[in-house]
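Provided herewith is a single structure, encoded as structure tokens, for subsequent inquiry.
Letters A, B, C and D mark the chains in the order given here, with residues in each chain numbered from 1 onward.
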């Protein structure tokens, strides 16, 4: 039997949320809709990162590489295979980022703690410098080199067809929004399942006490590698969506400073609560939007915010919200096992 | 000289010590006996100031030192040798001792007694002459027994009035234990009090003037070592 | 000395219409075919109803970082124009100019987002600014899609209209194109140092540097013949330590070094090169030595260096006695900002003034506030007397053209920074160094070069006898 | 041949600056276990302060006096460090290490903007110092004497730091604290004070790096972040927490960079990261690092 309160809480939360999600394109101005889309995409990336960071306890400073790979792969495909289908672009992006994460992850999970952070940083920067230098573009011959010169490593991505439909400029974002929402819901669902599976529990066991995890028979390095690779899937997914939304991809999305932003948003939201990274991503994008108005002072604001979170909200926003009794209650009811 | 009253200590979320009370008098060897996990190390760490107290009070030489940082307690005359010896692995034995000598001189307490860190070190060497031959070795390359000796010698070099020894005999061969027991008695004769955490009641009863038995963070017995041996309940708790 | 070769080179330069020395100005100009808007003309009476809401312009430029040396003067030029226009009550006497600024140093991705925000959220009427040639190709297509009237005042890569936006409607660019930088430096070098054969090159490692290197070597080969590139150095943009690069250049013992570094990078480079005696060992031709604020380069800068100004404006030229527009601009600018204008100041100032002229002209034809279509129609083919001389916007590619100029550095007592030696200035009609309208773009009509200009030079320039 | 000498000098010059930076980073990590992300920004701060002081004083005083002002940047950065450690870092030692990374990253962001506000975008240089020393001849080429001074400062700093850490009372205490913080305090060492001193010393070295580099280059915005990544490469190669490692790492990075520029410039950055990654994979704690 359903507990009536559980049902009530779910209706209370999910119905308005669902209505808002469906109506957002009509309710928001074109610009705010774009920002809303960014926040959803950023959330996916932060959730993916948190599988490695919060759940497994490994701080990665190189996740920008998988995000960027997700967008770049499709951009090259469009340029050199002349494919205009978003679906193909999207899948190629995810596949590339997954393979890249599997490869780099295999090498990185040998290390832990600060050494892991620096190893991921080094690999991320190798990847970044290959784009900055144009080395990747040289692989694509004279046209690739010309592309590099046009954009200094940035690539333009046109409006692709979604399910075979070509959209006009004004219609495109509202239509693409539903793709993003779908991807967001799917990512939340999948990551939720992964987090609450025995595998997810094993990852937390590794995070909390590696030695004990070894004793109870968890193949630690292998599981870390799996977690890293899975997070690469979601980073690639987010990157591919980002490329199509922004309609370009630049080496800035590969740089360690972007990796640091992902970490920052995740910590802001809270790494120990499943929904923390989503909260963090939304707040981060919102603050970035506000701070962006001031041409200078943006960094100061972000820096001070970071310090504030570390000192005042050590468990992140999600952890802090959890201290509010009403919200805590609704949260618990939401988490109750779904029948 | 040391009065520990009703202290409660936590490690992370775990409540370890529950209202523990004990005392050490001048020129006395006191043993704290208990099983692994009974709270011995936590007691020693609480007295040394390495763990914060939730409540309770610690008085040393009539001064309330409850809120004092560890290094301030050391400067007031507490010497400490932990279970793992705490020898700095990449420092030579000489450098390990040097630190104590400097700090003994810097604390100001020894100056009043016209007694320097070097004097204190000489006194430690008289107890453990072996240490003198180890001075150029790095901490990393000492054997377990050598580490124990250096740890005690280093604590003595601080010229303390009270030595806190955590499992000083752990892992030593029976013959060596006897050697250490003699050393402890010698130290006591120099006028230094000792509070020792020990899991072996037999060893403890050989040296202790008084004995506390601890179980699950509470003192379950206090008194003469011989009485402890006779007390069924204590023996049961200590054996587990 | 082979007399024949000398004559050939001289003939060649004469054929290009190159003139040397301060007296050369005035005879040039590419023959206006469009509407000539002279700022000196008396203000026309606006027709129809003009709303009094302000004109919102978005201006993205470098406000911070090493490139602020270019961005700062640009912004000041823009603001000066806005102030002058607003002092007359605004455009058409009614609409004052409001400027929303953003920092280009935030990066390409952030700049694209900011342009979207400016259009969708702030509803700007006109987008201006942009210095980096990496940014205009990213911003151009977005501006076309957003249908926002855009007048870049720099970001001068040929690729913008060759490839990124091949058929522009909303996007214009007022400064010269990049390929002209390399070619201008080559013409200047051929004029002053005809015997240089061993060439070295130090360029920032991105598209501007690649472009300068390619066009300089291509043009110089045609002008003098028989050149050999003996060393190339490609420092990353915003490098601070150039000493290994400088040593590498010294090791190749070239006759002539071409430098495409700009802003803070050029300042750091020349100071380090000075201490390595580089300027004593080779002739140096730059594309942007005088590109920042004039006082960014100190009097320690060596004399006799070919100092390019990129978009063909140095505040002393055209001289005030020949071109009062410039004298007036320099005086008001100096009064307002306590410094001399750079080519970016002229570019940003002229951009806004040309917009104003186009609106006024369109208003005369249609009445009321003209829509973007009408303004665009007026801008296409517009000629304008700017402080830098005559500017013409070619209708086929929306690119502004003005004659190219460069000269050798000299320390004159009346300025605390080096300026051009008046006798060394080289003027080049712009038509002589850029591809004509409708020349095939790269990848089309047998053009396999990186720019239309490169293809045109390869196919039409004679080769000087080696 | 002369070119070889010049390139070696160039590499040593670069290595001197990198060593100061990386050794400070490594020292702070060794003692406190903190990766100071703001280290590059402190280096930039040192550069700006020195350039600013020297520009200000250049017209007023004799060049010889200007040299006394060279360490101004280092001193200001040290003062900043002595405030930063107790206020920002001390409350976090018990928290997981990512929080320490985050707080120093926040500090990096703040410092970058502070320098922007104070000094704006125009590069600041301190060339009077450079000019005062003139040049020396290397075969047919010349080399700025000031750069030799920088190399000398680098060598002196390396020796000085070595002697300081291995030959002084403070050095012994520093090493003891870095090896066992608990035991150090139980022996009566004021660990808090050792931390402030170590952090201050690390900052001093970063600031000195910035101060000595500025007369030959210029202080520009963004120089801190650029150099931070290089300093990471150095400490990763040499081993976090090791001074010998910082020295060897700085030499490797400088000579490799110069070599790549001379022969195959496109790979300048990628090669350095590749070396770092390769070292980490073979020896996760770097060439001279302590085992985990």
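Methods note: contacts are C-beta pairs under 8 Å (C-beta built on N, C-alpha and C of every residue); 3 or more make two chains touch, one makes a residue touch a chain.
Quick caveat: nothing in here was measured; it's all calculated off a predicted structure.
Trainee: What is the identifier of the chain with the smallest separation between its Cα mean and the overall Cα mean?
Mentor: The most central chain, going by mean C-alpha position, is D.
Trainee: Which chain maximises the distance between its CA centroid and that of chain B?
Mentor: Result for max centroid distance from chain B is chain C.
Trainee: Once you count every C-beta pair in contact for both, which comes out on top, C-D or A-C?
Mentor: Answer to which pair has more contacts is C-D.
Trainee: Taking the mean of the CA coordinates per chain, how far is chain A from chain C in Å?
Mentor: Each chain's C-alpha centroid was found; their separation is 41 Å.
Trainee: Rounded to a whole Å, what is the gap between the Cα centroids of chain B and chain C?
Mentor: So the centre of chain B lies 79 Å away from the centre of chain C.
Trainee: Suppose each chain is reduced to the average of its Cα coordinates; what separation in Å results between chain B and chain D?
Mentor: The answer is 43 Å.
Trainee: In chain D, which residues are in touch with two or more of the other chains?
Mentor: Answer for chain D, listing residues that touch two or more other chains: 116, 266, 268-269.
Trainee: Would you mind listing the residues of chain A that make contact with two or more other chains?
Mentor: 132-133, 296, 298
Trainee: Name the residues of chain C that each touch 2 or more other chains.
Mentor: 63-64, 205, 236
Trainee: Between which chains does touch occur?
Mentor: A-C, A-D, B-D, C-D
Trainee: Mind pulling up the chain D residues that touch chain A in the complex?
Mentor: Of all residues in chain D, those touching chain A are 29, 35, 88, 91-92, 95, 97-99, 101-103, 105-110, 112-114, 116-117, 225, 229, 232-233, 236, 240, 266-270, 273-274, 276-277, 280-281, 284-285, 292.
Trainee: Under the touch definition given earlier, write down the residues of chain D that touch chain C in their complex.
Mentor: 3, 6-7, 10-11, 13-14, 116, 120-123, 125, 127, 130-131, 135, 141-144, 146-147, 213, 216-218, 220-223, 226, 257-258, 261-262, 265-266, 268-269
Trainee: Considering only the defined contacts, which chain B positions touch chain D in the complex?
Mentor: It is residues 48, 50, 69-71, 74-75, 80, 82, 86, 88-91, 95-96, 98-100, 102-104, 106-107, 154-155, 158 of chain B that touch chain D.
Trainee: If we count contacts the way the header does, which residues on chain C are in touch with chain D in the complex?
Mentor: Against chain D, chain C makes touches at 62-69, 71-72, 105, 205, 232-234, 236, 238, 240-241, 243-245, 247-248, 250-251, 264, 267-268, 271-272, 275-277, 296, 300.
Trainee: Quick check on the complex: what are the chain A residues that touch chain D?
Mentor: So the residues of chain A touching chain D come out as 53, 59, 107, 110-115, 117-119, 121-123, 125-126, 129-130, 132-135, 256-257, 260, 263-264, 267, 296-300, 302-307, 310-311, 314.
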